[in-house]
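In the two assemblies presented below, chain A is common to both, partnered first by chain B and then by chain C.
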Partner chain A sequence: MSKKLVENISLWQLAVLMFTFEIGSVAVVGVGTDTKQDAWIAVGVATVLGAGLVWFYVYLLKQLPGRNLFEMITFCFGKWLGKIIGLLYVYYFLYISARVLRDFCELITSVIFENTPIEVISITMVGICAYMLYLGLEVFGRTGEVFIPYVFTFIILIGLAILFSGEFQMKNLLPILGDGLGPILKHVFPRLLTFPFGELVTFMVIIPYVSHFAKAAKVSVFTVLISGFIIIYGTVIEIASLGARQMERTVFPLLSAAREISLLEFIERVDLVIVFVVMFGIITKVSVFLFGGLKGLEHIMNIPYRYLVFPVSMIIGYIAIQISANNAEHIEEGIRFIPLYMHIPFQIIIPILMAPLLIWKVKKQKRRSDANGSR
Partner chain B sequence: MLKNRMIRVVTFTFTMIFSGLLLMIALIDMFIWQQSFYQCVSKLFALDEGANEGYVIATAAAGFIYSIASDYRIRKKKRSQQS
Partner chain C sequence: MKKRLLFLLCAASVILTGCWDSIELNDIAIVTGMAIDPGKEKKYRLTVGYVNPAQYSKQNPAHGAPVSIMTLEGNSLPEISAKMNVGVSRRLIFSHTRALYINEKVAKEDGVSHFLDSLERSPQFRNDFNILITKNNSASDFAMINDPVERVPSLKVQKSIKSLLKSWGGDPRVRLTDFIDAIIAEGRSPVASTVVIDGDPEKGQNAESNMEVKAPARIMLDGLAVFKKDKLIGYLSLDDTRNYLWTQKLESTMISIPCEEDGDKNNPLYFDIVITNNKSEMKTYYKGNQPQLELNIFSEASINSMQCQKDLSSKEIYTELEKRSDKQIKNMITETIKKVQNDFGVDIFGFGEALNRQHYKKAKKVLGHWNEEFSRADVDVNVKIALRRSGTRNKSFISELPKKDVED
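What follows is the complex of A and B.
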């Protein structure tokens, strides 16, 4: 019953998953809009801090090689308290997974499929994620590998197309630091650090399955820096083409920016390319959170996660619709409640509390095994 | 009897996750919109006119039926292994 399948992904697949995970929701809702024309600076600062945070997560994983977040929690806090904290993480992962899915559903129903019920989009998307996870982590990793060249190329091309369309206004980026550093730092913590960078805490469930675990820290930090650079690139495009004020008011800024593209009066309506990028990003993000939740349930309930893929996915499809009555309510909850009361405890406080306990317990275990060895 | 109950782990997990997430949504709504718990819960289960919430309710129900079927499969497998 508790027999586990050994699955491995390569370092490249890990990097691909991390990159698309980071781009996912950011491409939908945009980040740093409150800091107006300085949003790209805020993203830059958050990227550096985010890289540090990811290094810390991998450092924790290195203390107990081969064990994931849930196993580490049990190791640190004991069987029962560990299971309770693990269950809270499961709820957190699944709840965020439903939120991310809802982001995408809102985008699709308001931009492309205006007459299609949001429920249909939700069920379809979660069905894809469920199927991919049912096939396993390796299939998930390979799917990422197949799509990453398109995602990367499309993002770069969108920027160039806006530049050549003449919609790129450098003056929209001025004045730089007009309100000083204060608003930027205020925005970086907690909002920008926790979303999207802190959400990488979910990868504490995936990183132990990487084939070259020793190099995971370097690859993770490098990937965060690259994805941060791409987010800065996207933010600069949004500010330069829409202007800070319009960007603040727009629900889907990158999509609105892509709509400005008109090359040779022939290449137009390329916003669908952005939808493709977003769709793949969201599939990855929902799947990673779902996988995190399922792995947690596997650990807590002592049952292979494949038995739970379909039922739990169907719950996510349902919760994504019930989570809020409309998009405005959804965004409001995402700004007022989630960063402070959900992201900070699960992304920062619990891992920080866990660190000294983990180091102490590992040292104790080593001392004990050394003593046994010398006898 | 107790053993049989313990085997229904998928259905139990489904119920636990489903009710837990709904409770979480209700609590968040209570906190943000300053409404009573009863109001938030009744809002969750109210079917809006013209909306197609029936679709997602049907899929959630399908998930529940699947979990019962999974438990039955696990039990059958265990029994065949024992005999």
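What follows is the complex of A and C.
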């Protein structure tokens, strides 16, 4: 194998990337709308489960320090089977990255640029992601670091602005748990657990490059809890300002909620702030998935991923448009097929199958190296 | 190096040409009011009023009409508004619409949901315009009555509503999303404000009418329109509108209350209280099989005028006046609720939603036929007014007058 470029990101950068990754898509499409006014409870439950899931991912990575998801798969399943499973993961990552991109394109074309062809938006967005990844993971991490203060303050401020506009009605949150816990749990698994929390499986490609790997588990779990908290905050804002019935009907809930803002008749029409948050979240999310897919290709094809960045990203820009004929198809795929046939196998089943194999193989290797050492 | 730079610049010019959707400022016309009437040949007749920007120039304002209007017929709102350019030179921008006037005939016969959907769906419309039902005159008349102070008619209506809410309260504070929410809600029926024209609409259209001290025509708020689902079924008066607001959220109001319950019928004496802080709480529950609507109102108030022979420096008088006000307001609100129960039989107050929040299991069973349940429900209004102060005087000079003079 060719000598690898060693790139490192700091723990703080990892946390930043995870955070924006989590809130990105959620800010576009909203989560848990099926559970009506209890959506925030559902998000809370999913956050706790999601934190457990992330802890499990990092636990797997700890067994083989310094190796990413694909190297781990080859280690567990052998060369050929490992390559096939790795390729499936590559497909999964690239497909989801195209889907995320499409989410954003839908938002832009239906709210802001009604006449602009969707291709232009898709290509410019994926072009930014490709350029950033071409410059490397470190640049990616630093970009996140630069923008995170704005993202964070904007989200908090939007909530406060809605509160002071008088659009915030706590009674919209009632009745709490009217139908009991049943519908919530049904919604949490599989949908809320896999999106947005289970998607963190992609970070199994990034976490090995963190400089203080030993602390990665703590930081990741903590970040998931923080971002879960912010998602709950956003969901409460959506429910309280729009009401559960309307939230169900809006395509982009947080944006609609932001449109209600009218502070002192002076601060108005701030929905573009939400578009900024969404845009940065989407860039992060697309890039993380793209990076996952590229690293996989690098491992399988044995060429540095930088050669592949531009061709693959252009393919993604194209797939994002071809993926579905209209918005309804796009959403329906996301609700009915993706969680069942893509998220659950790749996020939960394969990692769980891999766990015992990995532990057993690591032990075997250790025993062998111990034996070699004593000989 | 130079070649590279040149290439980069060329590439940038492809990507950064700006957006397809750019419209120059002098190519747009800002719509402030829309009026929907029943069409003669087609389904609707839409009138839009858009601002004449030359009127707003600071240096040399033109002496023309502040707004211009355009009317077209068609079957759906988006189509008509896109077609408006057959007569309008500029692209119409709807994001600053201030008022939507709906002719009562449209609201009564076709219902309003058909065009509300297009308003909600469009990214252009914000949720900040007023929905107004027009009585008597055609809706298009309302889009063109000039106002000497605000000039643009729709701006005038919106400002007037805003001021009224602060001073007396006569608008249900309903926006597009609230209205739509109430249409689909099982435990609440929608309401909207109504407007009438006072005067001669023909004269009011003339820009020169702005020169007159007494405006020849004026748009006036006229109470509430009550809807069942999306169809207009009746009206409530302005006083009832305020009573409706007591049940929802009343910012402040001024109310005159007779001094004695059964005082002199020919020359009744009043005292005025201004409500500064109001809190109302809705409770809906079942006593056996009988639905109970309970409304608890707590308000802070101060006295603004006093015609009665009462000494405001004593604590007992305060208590007495508080009790008078409690009773009066209780009767007013109860009457309005009973009127709605008997005349319309739809729950415009949202008692059903309160039931849904408070007793979810029961609500699931009855919300399907909630309007019938609402009509037969018992009403119980509890009002508690707390009089805090009495302006800059305590005793009224009236109480200092020799008693005899007053009685004469």
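In this section, the second predicted complex is superposed on the first by the 373 of 375 C-alpha atoms of A that agree within 3 Å, B and C clash if a C-alpha of one lies under 4 Å from a C-alpha of the other, contacts with A are read in each partner's own complex, and residues count from 1 in each chain.
Here is the rule we use: a residue touches a chain if its C-beta (ideal position, glycine included) is under 8 Å from a C-beta of that chain, and two chains touch if they have at least 3 such contacts.
Computed from a prediction, not measured in an experiment: that's the story for all the values here.
Aligning the two structures on chain A places chain B and chain C side by side, free of any clash. In the superposition on chain A, contact of A:Met314 is made with chain B only, not with chain C. When the two complexes are overlaid on their common chain A, residue A:Thr153 makes contact with neither chain B nor chain C.
Shared-chain residue A:Ile323: touches chain B; no touch with chain C.
Number of chain A residues touched is higher for B, counting chain B against chain C.
Touch criterion met: A:Pro117 reaches chain B and chain C at once.
Applying the stated contact rule after C-alpha superposition, one finds that A:Gln246 touches chain C and leaves chain B untouched.
When the two structures are aligned on the shared chain, A:Leu174 is found in touch with chain C, with no touch to chain B.
Of the two partner chains, neither chain B nor chain C is touched by A:Ser369. Of all C-alpha pairs linking chain B and chain C after the chain A fit, the shortest spans 12 Å.
Residue overlap on chain A between its contacts with chain B in one complex and with chain C in the other: 117, 120. Note for the complex: chain A touches chain B at residues 1, 90-91, 94-95, 98, 117-120, 122-123, 297, 301-303, 307-308, 310-315, 317-323, 325, 332-333, 336-337, 341. Every residue of chain B that touches chain A in the complex is listed here, in rising order: 9-10, 12-14, 17-18, 20-22, 24-25, 28, 31-32, 43-44, 51-53, 55-57, 59-60, 62-64, 66-67, 70, 74, 78. Residues of chain C touching chain A in their complex: 15, 19-21, 123, 126-128, 177, 180-181, 184-185, 356-358, 360.
Listed in rising order, the residues of chain A touching chain C in the complex are 110-117, 120, 124, 127, 171, 174-175, 178-179, 242-243, 245-246, 259-260, 262, 269.
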